[in-house]
Each structure stands twice: as C-alpha cells, then as structure tokens.
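One structure is given below, represented as structure tokens, and several questions about it will come after.
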Amino acid sequence: MKETAENITLKKINALESILGKSFSVLDDGFVRVIDYMGSDASIVQAARVSYGEGTKKIRQDRELIRYLMRHNHTSPFEMCEIKLHVRVPMDTWRQWIRHRTANVNEYSTRYSVAIDAAQKTEPDQWRLQSKSNRQGSSGKADESVGKQLTQEEQKFHSLAREVYDDRLKAGIAREQARKDLPLSTYTEAYWKIDLNNLLHFLRLRMDEHAQYEIRCYANVIGNEIVSRWCPLSWEAFLDYRMNSVVFSSAEQTILKWIGRGEITKAIEVAVQYGWLVKTNRALKPHLERSEFEQKLKRVGLPVPWKKSK
Amino acid sequence: MKETAENITLKKINALESILGKSFSVLDDGFVRVIDYMGSDASIVQAARVSYGEGTKKIRQDRELIRYLMRHNHTSPFEMCEIKLHVRVPMDTWRQWIRHRTANVNEYSTRYSVAIDAAQKTEPDQWRLQSKSNRQGSSGKADESVGKQLTQEEQKFHSLAREVYDDRLKAGIAREQARKDLPLSTYTEAYWKIDLNNLLHFLRLRMDEHAQYEIRCYANVIGNEIVSRWCPLSWEAFLDYRMNSVVFSSAEQTILKWIGRGEITKAIEVAVQYGWLVKTNRALKPHLERSEFEQKLKRVGLPVPWKKSK
Amino acid sequence: MKETAENITLKKINALESILGKSFSVLDDGFVRVIDYMGSDASIVQAARVSYGEGTKKIRQDRELIRYLMRHNHTSPFEMCEIKLHVRVPMDTWRQWIRHRTANVNEYSTRYSVAIDAAQKTEPDQWRLQSKSNRQGSSGKADESVGKQLTQEEQKFHSLAREVYDDRLKAGIAREQARKDLPLSTYTEAYWKIDLNNLLHFLRLRMDEHAQYEIRCYANVIGNEIVSRWCPLSWEAFLDYRMNSVVFSSAEQTILKWIGRGEITKAIEVAVQYGWLVKTNRALKPHLERSEFEQKLKRVGLPVPWKKSK
Amino acid sequence: MKETAENITLKKINALESILGKSFSVLDDGFVRVIDYMGSDASIVQAARVSYGEGTKKIRQDRELIRYLMRHNHTSPFEMCEIKLHVRVPMDTWRQWIRHRTANVNEYSTRYSVAIDAAQKTEPDQWRLQSKSNRQGSSGKADESVGKQLTQEEQKFHSLAREVYDDRLKAGIAREQARKDLPLSTYTEAYWKIDLNNLLHFLRLRMDEHAQYEIRCYANVIGNEIVSRWCPLSWEAFLDYRMNSVVFSSAEQTILKWIGRGEITKAIEVAVQYGWLVKTNRALKPHLERSEFEQKLKRVGLPVPWKKSK
C-alpha cells in the first residue's frame, strides 16, 4: 500500500515532536532549537488541492504533488507551514542572518539586559586563510603555530572587552551605550519564526558552500536535523530540485549541443567567441564563468571540450 | 491568586480548540473557519521577555506586559502567533481582502477547476443607497419595492451568467478563458495564513465603520469569534488601545488646550484660523476635519466650542 | 574601447526616457505605460561595489559584474532600481497580477467612481480549447463557427451586465454594492510600482509559456519593450541565466552521467527505477517528469535514451 | 491664487535636487546623503486620484487630500515615492536600523573588503547614565572625571581592537573570520532604499524620544533635512497627525468624560478601579500607564484629577 502524505507526516511529526525544545549545539557555544511549528507535508498537499481542485487528488499521489510543486516553483503552498526557532548565534553571524527579511524576529535586547557573557572563540587549528580565487571566501587553515598566537591574542582581547564593558556598567553607564564596543563575536539570542518556503530559500543560500562557515553550520543543522524531520517529502524534493540541481545558461546550452553531437571543435569555437578561452603564455587565462561551466560538466559526467581526456 | 498568561491562555486555547474546523457563516453563503494556529498570549509574553530580558518578569504581570506592548506599538512579539483560516468569500470582497500583502494565500483556482456555483445574492431589503457625505460609502436602504425589482433582475442575471459560463465549458473552451465573465459576486475559497500583528492591522481597517459592509462582516467574525478566543489578552488590549482609541492631531490639541482652560472664544479663534469655520448663509460650511473633531469631542465628553449647549 | 555600464546606460536611459508616458497597447483595450523610474544598470553596479568593495572595480567590467550577480542570485543590487507603471487590465488578469505581493499598488476604486465602461472582448477566432495534458492550460482554438456564437453571446452578456449595473446606479444604489455583478472581464486601472529584482521574478513566472495568455501579453510588453530599454545589461543577463536557462535535478544528473558515458542501457535502468518508464500495452505510460526531462534533453541536444533515433 | 501640489512640489524638488549627494554629518564620523529619489507630493496626489477617481479633484485641494490620506491611514499612495540614501553608521546603530524589513539594502561587505578603519568615539562629557525609570533608556550624563577615564579606556581599546584585526590580516587570515572581534562601534556603510510610507513609519519610531540617541540623530536628519524638502506637504501632515498626535485609550476616554463634566471624584473613582492609584505610605505607587496619561493630559491642557492644582 502506497503511503499518503497524511500517513507519512503523521509518523514524522512524531519525529519533530520528539525534538521539540531540544538544543542542537552549533559552534562553541551556540544552539538551535524548535519552539513551535504549524503544518506539515500534509498541509502543503491540502493547500495545493484548494488551488488545483479535487481533480488533482485522483491523478497524483501526495509525494508526486509535492515534487511537482517544488519543481515548478509553485511556492505558495509551502508558505502554509511555519516554524519558530530559538537560536543562539554570534552577532557577526546574526548580521548575515537578519538580512533575510521575511522572518519574524525577537532578539535579546542589550538595551534592556546585560549582554550575554560569551563570545565565539577560535581554536588554534581553526583559523582560516583568505582564499585567493574567491575574494569573499576562505581556503585552508593557518599553521597551528600562527593559530596558537592568534587564539591567545583573542582570549586576552575577549577578556579585555568584557572588562571595558563591565567598567562602564559599574560606572552607571546606560546599557545601550556601554555595549557599543562589544566584539561582533559576542553571542546573542533570538526567536526566529519563518514559513517553510522562505526557510528553504534561506537554506539554499546559507547551506551553499560559498556561504560563510559559521552560518553554514547553523543552516546545516536547521536543514538536516529539523526540516528533514518536519516535512520529509518537501525536504527530499528541495534537495533534488533546488539544492543539488544544476543550471545551464542559454550560452552553456549552445556549447552542450555541440558536445552532444560530438562536434568538439565547434564547441570550442563557441567558447572562444564568448571570450572564455583567452590564452596567456601557454595556459588558459582564468575565467570564472568558464570554470563554473567545467564544474557543471563534471557533475553531469560530460567532457570538457578544451581539456584533453587522460 | 493572580492568573498568569500561561494559565489564562491554557483555558482559552481550549476555547479555540473547541471551534477548530467549525464554520462561522458570513453573508448568504460564505464562511470562515480556523484550520490551524500557532502560539497564544503566552508566546507573546515569552517573545517579549527574550527581548526585554528576565528583568521584566518580576516587575510586570503578563496582562500588563501585553498591554504595554500594544500601547507602545512594540509589535514584533505579536508576530510570534500565526493562524490559518479557510474562507469562502465573494470575489468582490476578496479583491479588497487580497490587498493586504502580508498574508500567505492559496486560492481556489478557476483555471484548474470549474468555478464554484454560487454568487452572493442580495435580498430586496438589503440594497444600500449611495452615501451623499461619503463618496465611497453607503447610507440607508432602497425602498423595498425598488429592492424587489433589483433582486429579481439580479436573480435572472446570475442564472444567465452561469448559462454563459456553462455554454463555454460545453463547447470545450478552456476554464481559464470561460471564466472571464463570471460576476464579481461569485464565491471563491482560500486558505489565508497570517500572523497576529498583521491580522490586527487588517481587523483595525476592516472592522472600521467606513469599511464596506461585506468585508466588515468577515472581519467581525474573525475578531469577535476567533481572535477573542485565541489570544484574549491581546484582543482586549487591541480593543482598548487601537480599535477604540481616539487620536488628536497637534492642531486639535491646541484647541483642546483652550477648551481645558475654559477659553471658548480662543478655541473658536484657532478653529477659524484653520479654516474650519467658514460660514455660508447662516450655517457653517461642511468641513470634514472639523466634523471629525466634533465627533471626537463627543466621544471624550468635551463640549464643541462653536455649538451652543442645549 | 570597452563600454562601461555608465556609458551604455546613459544611451539606453534615453531609450526609456523616449517612451516615458507612452501607452503600449495590450489585448483589445488594455495598456502599459511607464510613469516614472529610478536607477539603471549603473545603479546596480554601484550598489554591488558598495557590498563587494572597490576591489571589484579593477577586476571586473560592468557587464560581467551584472552577469555575475544574476548568475549567482545576488539579488539585492537589482532591488536598487524601481519602476512605476500605469496599467489597464481586465479584472480577471488583475486577480493573478495582484498575487505578487512585493509591489506597491493604487487601483482605480469602483467604490469611489463609476466602473470603467469596457470589458475584454473575445474575437470569434480567439476562443481557446481546454488543454487535455495540462489541467490549467489551453491548447488550440475552437472552430470559428462555435467561436462566432460564443462571441455573440458574450456581446449580449456584456451589454446586459452594464445595463444591470446602470439600473442599480440609477436607483441610487451605492457604487460599492452596484458593482457586485460586474463581469471579471471588466477593465480596471492601477499604478503599479516595483523594484527590478521583484519585477524580474514576476516576468519569469508570467512570461513563461504556462502562464495564462492574457497576463503573458502584459509580461511580454513589460519585459521586451520596457525592461530591455531600462536596464539592458540586466535584461540580457536575465534572459541568459534565468528565463532561458535549463535546470537538471539530481535524479536527472544521474541519467545524464550515463548518457555522457554512452551507457544507454544504464541510463534506461535508472529511469526504470524512478518509475518513469512504465509500459501500458505497447506505449509508455505518460509521465510528467519524464517528458519534461525529454524536452530538456532536446534543448541541450542530447539523445533521449529510451527513444530510437531516426 | 492657491498653490497646487504640482507647483509647490516643483519648487521643493529643487530644494531636494540642491542637496543631492550632499553629506549630512551625523555623530562623530557618520553621514546620510541622498543618492536618488522618485516621486514627490504630486505623485501621492496622482496615485490617490487613480484610486478615488476624478471626483476628488474638484472637491479637494492637493494639500487637503494629502492631509486626509495621512489622517485616515490611507497609506498606499505614500508608497509611490521612493528614496535611496547612502549612510555611514556604527554597526551598533545599524543593528537597530536593519530591523526595519521593508527597505532594500546593500551594505559594505567586510568579507570582501577590509573593514572601515573608524569606530564611534565617545567624548568625556557624552557618557550617558542608565535610566532608573526606563530599563531600556538613559538619563543624564556621567561626571566628566568618570567620562574622561572611560574615554581613555575606549581609545586604548579601539587601538587594540584594530591591532588584533590587522594582526590577523597580516597572518593571512580570511577577512570573513578576521572581522569577528571588531567592536560594534565600527562604522559600516550602506545604500538604503525605502518608500515614503515605510520611511515615515521608521521615522515615527526612531525620532521618538524613547529611541536610542544615536539612531535618533540619523532619523532627525533624514526627517528634518531630507523628507521635509522632498515631500513638504506629506511631512507637515506626518508631524500633525502622527508624530505629534496624542492617543487616548478607551479607558482614558472614560476618565476624560468625567473630567469634561467637572466630576473629579468620579474620574478618580474610575482610576482607582483601573488600579492606577495605589498608595504606598503617603505617596502614590508609580504606575506607568497612569503617568503616561498624566503627560497626555498636560499636553492637551487638562487637569490631572488626582493632583492638587497649585
């Protein structure tokens, strides 16, 4: 007997119920936990059927309906699910997080209360080097000897920062002003409430390998530990059609066509026209869009026309 | 023993639970029913306390905290509550409803399915006359003899409209095109999901006496039957501080000051300066802002300076 | 000399300036015209450079920067451009249009004023048949003899609808109530203001071949006549990376890999596992996702493993 | 001859044009400047007239129409105006600013570029004391001897913070990680684009005397220097009907009625019922809502029933 979304969800809701309130640790002192939620895969199906009418019930099973919605960007039924998280995050990471404007937020107020006495610490082997190919990324780790020094410097700095803060409070300075020199690594907490559609959008951007490591840690926990339990059919569809999909631009499709016909020379000619194959000395000049295309070809198992197969 | 929001809400949640799925009739063939919800007065208090810190717990009881938040437009904690309704509404009313952009919506699709075979009917004694003072309102009812004729004409028109629609469907015309001449009175259905803060904003505008009668009927049911059970403390605060509040502009405050000092002549002088007291023949020329002020004075029991007390 | 966005935009702004206020006709009595706008391709580049710093200036030309932003869904710089349109649209189409919640809207009020005396008419050769493969689409046209009848019926119905409306107004009925039976084909007008990022999202959905014909007509005019002149570099990038891109799911990538290696039997095996190749009698049972994949293979010039090449 | 919005705006646009790009200094090293804008008072009038029809043209002058819209919370026409600012703000202030979700934002990226080398400094006479009556506010200044010490400590701390940051960069650490301990006082820059309706909402909250001093400085500049020039009629209406209005709750109206009738004893009785007049020893126990009401009575020149007039 084929399971319907109602059945599957029923079992999986239990899976989410069982982690309600449970803290998932993230970074050295952060966490994510589910406070409340509304809806499930079954609610998405229900909402889609109001839009598409009873007819859909007969012709499509629940799982396929959810996959169809995801594949065709019919996003509104996914908005029928809502989740509320309690998170503890370094302010630096929170600065990126809060840029997603479609959530409801109540953050711990350091005007009202004394700032949380915790800052994100970096272990000696966790200092990441500036990426050379990607101006906004990191790549590799610093030598541990260097890392050790930086970690020591950090420790002292964190202590001092707290001292400065405490000195101000002791002098009777208003909390709203005393906090002005807290380091961005200081932890904050918030309730964060969002619908599933917007959450998946957040996850797509923040689980991406180009997202900063810290926020990626949070996104991975939210996706893999929480959404996967909450709406398993939607999560599966999201991974298949969004997270792990590959997109070819119209330019890339033109090259693909020549590859498909086995006309490698033609494929190269087109790439030359695009300015993707400029030579400097003997090597190809780096070209971002070209190398992105090469990676995509690799993912779908097709040959790169301008690379000799070994 | 003073009750906390937790206690009160617990009891009241039951009140909402007991109407879950229940249809409240609106107009001749419409309805509103709660499908799902998340949060309660207690969630608002909880969210506020994350923002304002533990300190608040001691100094303020739950009810007072909610009232404080409402009074000072600290709206974000109210966003922590979410509700999902299933509504059946004439398309004409839906056109106004959908202008509120902060909700999630899945509407019955007449591209996908045959349109609902119901249109809002008007009884002979329910035809409203055009208001003369308010270009966008109605005032009074048409004579029932006139109303009888209009209702008959309407009945015939509704039948014909459905005939035209059915003729198209029988001829194999696509539903998306066949529907083009459905009257605005045709009922549609939708799931409508919104957070409490935005719902209260909707209610404030749509429960207002200037809102059109039809949407007001829906808003009254949502407010009085649903929100009042769901978040009773917030509802009470909303009525006190928003719905039934009265606002005086800076100009009006100036006049109030003279009234307060008993200087009626001065009060009149200021109103003259504002251009509120222009005479035509013997009567005062109608002036919208002045008459709004007069109504407000009446509400707070203060005398209208330019009207003789009887 | 390579042109910068500043140069190109300067010339193209003139192109937009030259159509400011000009009505582009859509359908039988609709239009779209640009009332005002803010920003250009150059503003997007400027905003991106605040985010990404001066460094980007040296390493990337304007056109490439815009293409990079579009390709990687760095959408916020596109929000720096804003456009205000004046549109005249049948209410039926407007019902779809208004579902996009990220725009600012002022619609003609039929509470305040008498409804526009125009309804969208359908010519005898313009009646579309219900699609059989797509429940929410149309396919082909009705015979003109049938179309002629339907068009005549429509004409009469439109006249009658207006008569009913006028009768009510003559009887002094409030406009807000008299309008309740206007057909959905009645034209309305609105100012519609939106940023470029959200406009492109609207266009992607509404220029799509699955969008309803009527709204597609509007979307095509907005895209091809207006955005193409306003932000030509963004428009080009949008067409390449969004509108005309092709997306392969992770399942499809698995099949692609076998095709790439020339292992057709393996490719078929995988498709069988997915349930894409169920046979009924002698033919393959229709399967939506499979046929979508076949179309994509065709677009990139790759063979469909389970189809014999001719 | 009475001026129309068109005339007035024309002149005032020049006023805004004349400050386009001009930096208004805020705090010790911040600024606000207008980069671009769209619309004016005249656009609001134009949009309102699409909604309300030509009829309005005759009966209401432009200024009165704008005032009517503002007074009755008909907010959508104000969304037709859009402005883009370039701001330089301490990150601490930016954390409050960014909570307004209805704006478009591109912020300077410290992943991409080296952080701005400036932090907000506090002069010895600018250290504010924690308010005792308002947990989230400040009140009065610290002694300058204390302030001097705090300022010295701050200077040293700022130097050290930059040293730590530079040490990391020199060690090749990725900018995205090196920045983690920047103090919240570090300046950031952003383009910030918002429509007039949402901007006025922002200003109402952030020009309020309870808003933190720093963000209030920015809000005052935006309001008084920019909006006042951009849309002078809307600005005037905003000050009269929103910023400087006074709101009486339904409870307060009940007391007002007794005051109006001169029945002071009754007024006091009602306040007692509300729990506003609890005595401890000889004085009244502090009660927030009561003291807010007292302030409002003062603003409109009415006597506080439970206070003896001198």
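Letters are used for the chains, namely A, B, C and D, taken in the order the chains are written, and counting of residues starts over at 1 for each.
Please note the rule applied: contacts are C-beta pairs under 8 Å (C-beta built on N, C-alpha and C of every residue); 3 or more make two chains touch, one makes a residue touch a chain.
Please read these numbers as outputs of a predicted model, since none were measured by experiment.
Student: Which chain has its C-alpha centroid farthest away from the centroid of chain C?
Tutor: D
Student: Using mean C-alpha positions as chain centres, tell me how far chain B is from chain C in Å, no decimals.
Tutor: Averaging C-alpha atoms per chain gives centres 33 Å apart.
Student: Could you please state the distance in Å, as a whole number, between where the Cα atoms of chain A are centred and where those of chain B are centred?
Tutor: Centres of chain A and chain B (C-alpha means) sit 39 Å apart.
Student: Can you work out the whole-Å distance between the CA centroids of chain A and chain C?
Tutor: The answer is 28 Å.
Student: Enumerate the residues of chain B that touch no fewer than two other chains.
Tutor: 52-53, 55-56, 105, 109, 112, 135-136
Student: Could you draw the chains as nodes, link the ones that touch, and say if you get a line, ring, star, complete or other?
Tutor: If you draw each chain as a dot and join those that touch, every dot ends up joined to every other.
Student: Considering the complex alone, what residue numbers of chain A touch chain B?
Tutor: Going by the criterion above, the answer is residues 36-39, 43, 46-48, 50-56, 76-77, 79-80, 82, 84, 86, 104-109, 112-113, 189-191, 193, 195.
Student: Please output the residues of chain B touching chain D within their complex, sorted ascending.
Tutor: 52-53, 55-56, 67-68, 71-73, 135-136, 205, 210, 239-241, 244-251, 253, 256-261, 288-289, 292, 299-303
Student: Considering the complex alone, what residue numbers of chain B touch chain C?
Tutor: 90-92, 95, 98-99, 101-102, 105, 109, 111-112, 119-120, 122, 127-131, 135-139, 142, 146, 149-150, 153-154, 157-158, 160-161, 164, 167-168, 171-177, 179-185, 212-213
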